[in-house]
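Once you scroll down, you'll see the structures, which are given as structure tokens.
Common to both upcoming complexes is chain A, partnered first by chain B, then by chain C.
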Partner chain A sequence: MPTVNGSDVKKVVIACDAGMGSSVMVASTMKKKLKKYDVTVEHTPVNNIPPDTQVVLCHAGLAERAKGIAPEAVIVPFQVFMGDPAFAKVESAIKDGGTLES
Partner chain B sequence: MATEILSADAVRLGLTARDKEDALRQCGAVLVEIGAADPAYAEAILERERSVSTYMGEGVAIPHGTDESRDHIKRGALAFLQFPDGVDWNGKTAHVCIAIASRSDEHIGILQSLAMVLSDKESARRLRETTSVDEVLELLAPTDEEDDD
Partner chain C sequence: MVMPDATVNKNLEGTGARARVQKFGGYLAGMIMPNIAAFIAWGLLTALFIPDGWLPNEKLAALVGPTITFLLPLLIGYTGGRMVHGQRGAVVGAVATMGVIVGTDVPMFLGAMIMGPLAAYVIKLVDRSIEDKVPSGFEMLIDNFSAGIVGGLGAIGGVYAVGPVVERLVNWLGDGVETLVDNNLLPLASILVEPAKVLFLNNAINHGVLSPLGAVEAEEAGKSILFMVESNPGPGLGILLAFLFFGPRAMRPTAPGAIIIHFLGGIHEIYFPYILMKPVLILAAVAGGAAGLLTGTILDAGLVSPASPGSIFAYLAVTPKGGYFPVLAAIVVAAAVSFVVASLLMGFGRGTKEEELHRPEDEVVVGD
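Right after this comes the complex of A and B.
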């Protein structure tokens, strides 16, 4: 299982099916939260997750597909697009240097 | 000819829909009507919704097509459809659908504004209940957050 320490994370990728709706919304709120830790946030269709990605946030329904596209990345699934605990989990791992795992 | 991403003629208030599918078809129809997409894209909106719901929270859903259906988009545009009586959305109630037709990142400013509106309960309520097209355009005016520095 891929793992990463939050303090090593430089980029978080938000993936959704088409990369034009929900991932944009999530990326917009995550960008605000992670700005102060010098972490970039990108959004993408799940099929285009860049191979060097460390952390992917995606809807639970797409987690398996994301794993297939980016087997090296830590996949953090969420259930709801706003206020899901997964967002806080990623933020606090980056803030405090905690471990994230798939 | 409207060139803005969300133009006044794409803001439709006070609509009714029988159910989610009806609301999605209306979304697709407005995108086709304003010249943003082909009918095939409207079909892809239905298909996309079957995989993962586009319900975002605070009574707002953001229907859009699939990655494969991008070829059926003619220009990047959004449509705003308001259903004051609400539409059952897999157990949630949607009062607003913001339908997206986008080939690249032209609509990001508006979705960033939407994310901010949805994080503020009062603004979200205004979006659901307003009877003014101008108020919708004002609430969703793109944020000019070019980059995150």
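Right after this comes the complex of A and C.
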């Protein structure tokens, strides 16, 4: 099980099927939240998650695919695209240095 | 405390098979979606400048044919090649795609989706096999000629082998779709399309299958209803409206924002979680989608190019001149039917207390 400490996270990747729709939307809200912690946020198609990614946020329906593409990364699934608790979890882990694991 | 599987909703867990289908579909859609802007440019040029368009202009209308025959398939072949083997794969894929284009008389989207990745895969194998054997100083010479030769051979193969086979296939598929449309059977497609959408196969179905077929039809007929099969925002709108009025109370406040993102922004993914939380609602999506397609078939609706994203604005932009009523009717009917069915399935808001929605627990563990 990959784990990462929130304080080591430099980049969060938001993945969706095409990397053009919902991931861009989620990325733009996460970008605002994580800017002050000096964490970059990127969006990508699930099939193209970069292999060195630390943390991936993606919909639970795509989580297994994300795991296959980036086995080293912590995959954080969410269920709704707005206000899902997973977004707050990632933010608070980064803020307080908590552990994230898939 | 570790909760590796705390998702309340089992419907969300991908099975291995589903992930594999999604992944394959992702590759198909991944060749088309980055190029949607080019499809839209083609659709707009067509809508504006063809003889019965908004601003008929013979000189500019000359853009229409070469764009769909050459530019769009080449972009697809290029993108497909790039997915397999980077820039070199992209170039070889585009060259090989030229073969299927020249060897056939129909727009070669499906051919490009085969030739691009295939030719790129061949040059990838070639590159791998000669990797360590190239004498120092000859790298550029060998790289350029190996790619050039593979691309050229791919083009020849495209003209004689892949092109004719794909052309036959495209004609069969086109005939099949025509039969469905002529017999008012196209609505049956919703039985497959709507559930698949919610399982995140939306792009795979729309751009992997329907867009390429629709573009062939649109080239002949000036429009295609196939562009409306998956992308109709009506069914999702109906479900979100039903949630707004009759959904679990905790969910109601989220519906207006979701409606804006879905219907105006065209990001359909936003409504999938609502269905996944209450899977029976898929019946509403199917009923709405089918009703929209039936309306569209009867009224002869169609779009000139893919509406992507499936936003009302994208729809209006790619609706042919004089085709607004059928297209809007298909959306409105789909939304109304899916709203009514979804409202019925949620008992018009009664009983929401008993089945108060479970907020999804997190799979994430923070702290220790």
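Throughout what follows, the second predicted complex is superposed on the first by the 102 of 102 C-alpha atoms of A that agree within 3 Å, B and C clash if a C-alpha of one lies under 4 Å from a C-alpha of the other, contacts with A are read in each partner's own complex, and residues count from 1 in each chain.
FYI, a contact is a pair of C-beta atoms (placed from the backbone, for glycine too) under 8 Å apart; a residue touches a chain by one contact, two chains touch by 3 or more.
Bear in mind the structure is a predicted one, so any value in this text is a computation, not a measurement.
With the C-alpha superposition on chain A as described, chain C and chain B clash in the combined arrangement.
In the superposition on chain A, A:82 makes contact with both chain B and chain C.
When the two complexes are superposed, the chain touching more residues of chain A, out of chain B and chain C, is C.
Using the contact criterion defined above for the overlaid structures, shared-chain residue A:40 touches chain B, although it does not reach chain C. Once chain A of one complex is fitted onto chain A of the other, the partner contacts of A:64 are limited to chain C, with no touch recorded for chain B. In the superposition on chain A, contact of A:31 is made with chain B only, not with chain C.
Superposing the two complexes on chain A places one of the chain C stretches 24-32, 60-68, 114-122 or 132-140 into chain B: stretch 24-32. Common to the chain B-facing and chain C-facing surfaces of chain A are residues 16-18, 20-22, 25, 45, 47, 59, 61-62, 80-83. Taken in their complex, chain C has these residues touching chain A: 2, 7, 9, 12-16, 18-19, 22-23, 25-27, 29-30, 33-34, 83, 199-200, 202-204, 254, 257-258, 261, 265-270, 272-273, 276-277, 309, 359-360, 362-368.
Interface residues of chain B, counted against chain A in their complex, comprise 48, 51-52, 54-58, 62-67, 69-70, 100, 102, 107-108, 111-112, 114-115, 118-119, 148.
The residues of chain A lying in touch with chain B in their complex are 16-22, 24-25, 28-29, 31, 35, 40-41, 45, 47, 59, 61-62, 80-83. On the chain A side of its complex with chain C, the touching residues are 6, 16-18, 20-22, 25, 45-47, 59-65, 68, 76-86, 89-90, 92-93, 96, 98-102.
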